[in-house]
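Alright, structures below, take your time with them.
Shared between the two complexes below is subunit A, which pairs with subunit B and subunit C, respectively.
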Partner chain A sequence: MTLRLASDAWIKELSRRLNESNSYERAAKDWEGDFLFVVEPDEEFDDTAYLYLGLHHGKSPSAALVNSEDERETEFVIRAPYGTWREVIEGELDPIQGIMTRRLRLSGNMMKVMRYPKAAQEIVACCAEVPTDWS
Partner chain B sequence: MGVMRMNGYVGRLLYVDLSSGELRDEPLDPELTRSYVGGSGLAARLAYDIVDEVTDPLDPENPLIVMTGPLVGTAMPSAGRCSFCGLSPLTGIWGESNTGGFIGPELRFSGYDGLVITGQSDTPVMLAVVEGEARLMDGAGLWGLDAYETQDRARRILDEPRARVACIGIAGENGVKMAAVMNDHGRAAGRTGMGTVMGSKNLKAIALRGGGEVPLADPDHFALVVREILGDLDEDMAAMALRMAGTAGYVDMALMYGDMPIRYFQRGEWEPASRLSGVLMAEEYQKRIRACYRCPIACGRETHAPRYGLERVDGPEYESVAALGSLTMVDDLEGVIYAGHLCNVYGIDTISTGCTIALACEMFDRGVLTVEDTGGLAIRYGDVEMIHRVIDMLAHRKGFGDILAEGSATLAERFGVPELAATVNRLEIPMHDPRAFSGMAVTYALSPRGACHMQGDMYGVDTGQGPAVELDIVPGNRFEDSEEKGRISARQYAWRNLYNAWTLCQFQNPGVERLLRAANAATGWDLGVDDLLELGKRLVALKRMLNFRRGLSIKDDRLPELLFDPLDQGGSAGKVPDVDKLLRGAYEELGWDAASGKPTRDTLEALDLGFVVE
Partner chain C sequence: MWYFVAPEIVFGKGALQALDELVGQRGLVITDARLVELGLVDRVTSRLARAGLEVRVFDQVRPDPTVELVQRGVVMAQEFEPDWIVGLGGGSPMDAAKAIWVLYERPDLEAAEINPLVELRLRQKARLITIPTTSGTGAEVTWAIVLTDAGEGRKMGLGNRENVADLAVVDPLMAAGMPPVLTADTGMDALVHAVEGYTCTWHTDLTDGLCVKAARDIFRYLPRAVQEGNDMEARERMHNAATGAGLGFGNAWASLAHAMGHALGAAFHVSHGRAVGILLPYTIEFAACESPGRFAELADRLGLEAGSGEGGCRELAERIRELARQIGSPTNVAEAGIDLEACEARLEKMVDDAFNDSQILTAPRSPTYDELAQLFRCAFEGRDVDF
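Now for the complex of A and B:
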């Protein structure tokens, strides 16, 4: 079964896969800081979705589709149009390249993120494993 | 001599003959500036007429050319650099190295766009230029001082406490082949041994002071462009990262990509290397950040190293952290800070020094070197105190240090293992692995000064830092090794050579359109986007012909054997770029003959380089 990106099921599946990933656990063993992924509308997607992902010491204790940016306080927010998220998840856009070119707009403590690029890479790898319905 | 107004330029060069002591002004030729801009581009054009196929880099005839570009000393952000150029004693071919700080702007304020220094003084001298007046002064009181002491003492001798000083340390005096020119304390024109050239001339220091200005063609528009660039800086994530954690902030990313060399380019992963992170440096050792002239990024770090009794010390950049750290299997950041400090005070290039020591570690590990060769010293990976000792030996040419002072290629040849030297055209490979970013293979193979990351930072392009979309230089797949990737890499190579002629810091990437507007507003030129790559291609073709005249050929467009072994771990595991395919695309883009590697006659003539046609 495939899951729509902007859904509670998708982000919970990502969370589950992170919790099973030894590579992610190693890369993020000291990481503390939750993320909010904001999926912005474009020609393929006409809504705005907010995906909350809790991250703590190499695990993802919680995840949920939330109604607004204010519903859950997170240390980091990354925004991008739906099509850009798709490029990242399908491996066509390196997330670091995306952040540097501002196609992915990151807000939060940049210094902290800079210490954990490998963890970001492992999250993207887990994203790619989530069976996603792009229709 | 009166100087004709020349927008974007002071309008004159100072020629110094150290053999005769003659100093003379020459007006800057507007045609030359329009064709070669400044910096290493204009220096190469001047050098082409001064040196020939037999000039020895340590001969008095080899010029040390100190050159700025048209934006240096203006309000343009991060335009405070200065190039030191000539034939390289380390490589035997074209040498160029640029440095930040304040020395470039001060040269222009003192009344000159550049200095062309030839000859050899019988005794140590200092060249002083104050408010347009140049003179040679006795430098005996400076000889033997380290680079920091020299700068301070020169200011006192000159009684100009705000003078900017470029100088050599003890290594330059001793003919160490990778000697740097040092300025503004720890800023360095490090690569290719320009400090060795300076030392060979008995020129210990150049002290500059002045209150001049650079005339601008359209000051109002120039100010507008500057405001736009500064206003958008918050959008530049690379600049933001550099400001926060310095260039060493790249360590964690580099490790993820497999870009940061480990154990002399032979390991893809080594977890302790993350202890060298610039973020940790900022958290644990940083005292303050430091900026070059009018630079809003401020990537410079001032740190401390209490274990070595240092309260304030210039912190190492990424290249130094990797060359003196992961390359030699050292994860002790404080020890690396101290190693970088030793290189600074002695005045030696941290990249060539770290690479040469790492090669010695590898040779010792393989049994090629023994304690009998090293005077009893075990040169083992991971021993930072040994590295400190060896840096001292190298700078003073003491014992085994006398061999290390010749650089990696000579070290490997001396012991019968030339294939082990990670060099291109005898210059040590810097800290970006072409197995992680295939475009770097083109940069290293074609760089006019030997392996150099500043001649086309494809690792930057493919991580999204400062793409030049108007020039079709866009981020892509970092492992792609197609002919098209070769063409993109060649364009970046030409573009960065133009940057080095503008003498701009490559961390400042305001975009092609804004740079054009700034350059045109400064100079009064009417450059368009199409002119930029033509300018860049002219510069690389000229340097190419200068090197071919000195014996280089297409056979020298090669990477060292070590880099053809795929790594079995890390972010570039299993990858080796197809260099031949990449180069085919690059030659085509540059208009160079695929069989000989030479710019074709048509290319040379189209670039107005007919004078180099044989």
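Now for the complex of A and C:
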């Protein structure tokens, strides 16, 4: 079964896969900081979706599709159009390169993110494993 | 989408005379005390004075400059109010100069806040000139700044495209007096820049040619520059190759040898060029099993008659080791005089540090924790990488 990116099931599946990943656990063992991924509308997607991902010391204690940016306070917010998220998840755009070119717009301390490149790679690897419905 | 950033570059013998034509009031030279003793600082300050600038020298830079050292330089800049800042030396003085410049312009920022996303709005107070006195670092043309956080004992990779120099003066006469060991270590640093700039996953059409040309010239001229320091043709080609490699990797990225080299250097205070030079062939052999393509292609472009695929990749690694032997550089960590038990004791931290280094992002083959530990062990003992 595939899952739509802008869905509660998708972000919870990502969270589950992160919790099963030994590589992510080690790479992010000291990490503290939750993320909100904002999926913005483009020609493939005509809504705005807010995906909350809790991350703490190598685990993902919670995840949910939320109704607005204000529903959960997070240390980091990353915004991008739907198509750009698809490029990241399908491995066509490195997320750090995307942030450096502002194709992914990060709010939060970039240097903190840059200190955990392996964790970022592992999150993207887990994203790629989530069976995603792009139709 | 990506960027190519570079300063105006004046290069070749006599390039230093470009300083005669500067227009400004005050020049602050950021350098180290050794270069003052060697007379290299005088060569620069006399030309700045000839251009009518009042000149002051901050000569306190040490290898692996710290945030605290940069803050001292910022205090001097704030008192002197230069409209030109000159980074003179190897990578440490030039990186310190970049950071001092940024924080002089933006006293509201902390050093750790200099990152690619912040809008710096530089060049309100001063502009930056870089003058390399070694042929390796490429810092004269890159926007990267490496500072050490003495409290945490780790290096911080900082920088923003805005803080690339306005003018790089690449005059081989400024590097002609380097002793053989420094020539060898910095030359290997330049080679690693060229190879990783070409093979990293962020390489671009605009950087590939620079990296190939630099690598070709380093293979050809580095032995001559080490063995005969007065060979000015070799010195000039090496100086240009280092700048070309800097433009190449600085506008692509470095890769696994840099991530591992930073960790090794921080653990044992091995010079940067020596550390990455030792590690590069092992990282190439690691790529050979699964992702040999770009390395084999580079070997072919270098005319190594190396074949394609894994064979070509391994041949490139071996040729780099041959070059290292030719110039008297170590080919493994033990040969660099580091105790293997000490390496083993710090292995876990080095693995973690390498994984927390942004250069690891662009490795053509991304290692697991176990693989990276094995790779370090191969480099410690000089074992072939066959996994």
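Here, the second predicted complex is superposed on the first by the 135 of 135 C-alpha atoms of A that agree within 3 Å, B and C clash if a C-alpha of one lies under 4 Å from a C-alpha of the other, contacts with A are read in each partner's own complex, and residues count from 1 in each chain.
The rule is simple: contacts are C-beta pairs under 8 Å (C-beta built on N, C-alpha and C of every residue); 3 or more make two chains touch, one makes a residue touch a chain.
It should be emphasised that the depicted structure is a prediction, and the values quoted were computed from it without experimental measurement.
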item: Three-chain arrangement built on subunit A, subunit B and subunit C clash or fit; value: clash
item: First, second, both or neither for A:Ala128, with subunit B first and subunit C second; value: neither
item: Touched partner set for A:Ile96, first subunit B, second subunit C, both or neither; value: both
item: Subunit B versus subunit C as contact partner of A:Met110, first or second or both or neither; value: both
item: First, second, both or neither for A:Ala9, with subunit B first and subunit C second; value: neither
item: First (subunit B), second (subunit C), both or neither touched by A:Lys118; value: both
item: Stretch of subunit B, among 20-28, 452-460 or 542-550, that runs into subunit C once the two complexes are superposed; value: 452-460
item: Subunit B and subunit C contact sites that coincide on subunit A, given as residue numbers; value: 94, 96-97, 99-102, 106, 110-111, 114-118, 121
item: Contacting residues of subunit A [partner subunit B, same complex]; value: 94, 96-102, 106, 110-111, 114-118, 121
item: Residues on subunit B engaged by subunit A in the complex (per definition of touch); value: 235, 237-238, 240-241, 244-245, 249, 252-253, 255-256, 274, 277-280, 282, 462-465, 467, 475, 478
item: In the complex, subunit A residues that touch subunit C; value: 23, 26-27, 94, 96-97, 99-103, 106, 110-111, 114-118, 120-121
item: Subunit C to subunit A touching residues, read off their complex; value: 1-3, 112-113, 115-117, 156-158, 201-202, 355-358, 360-362, 366, 368-369
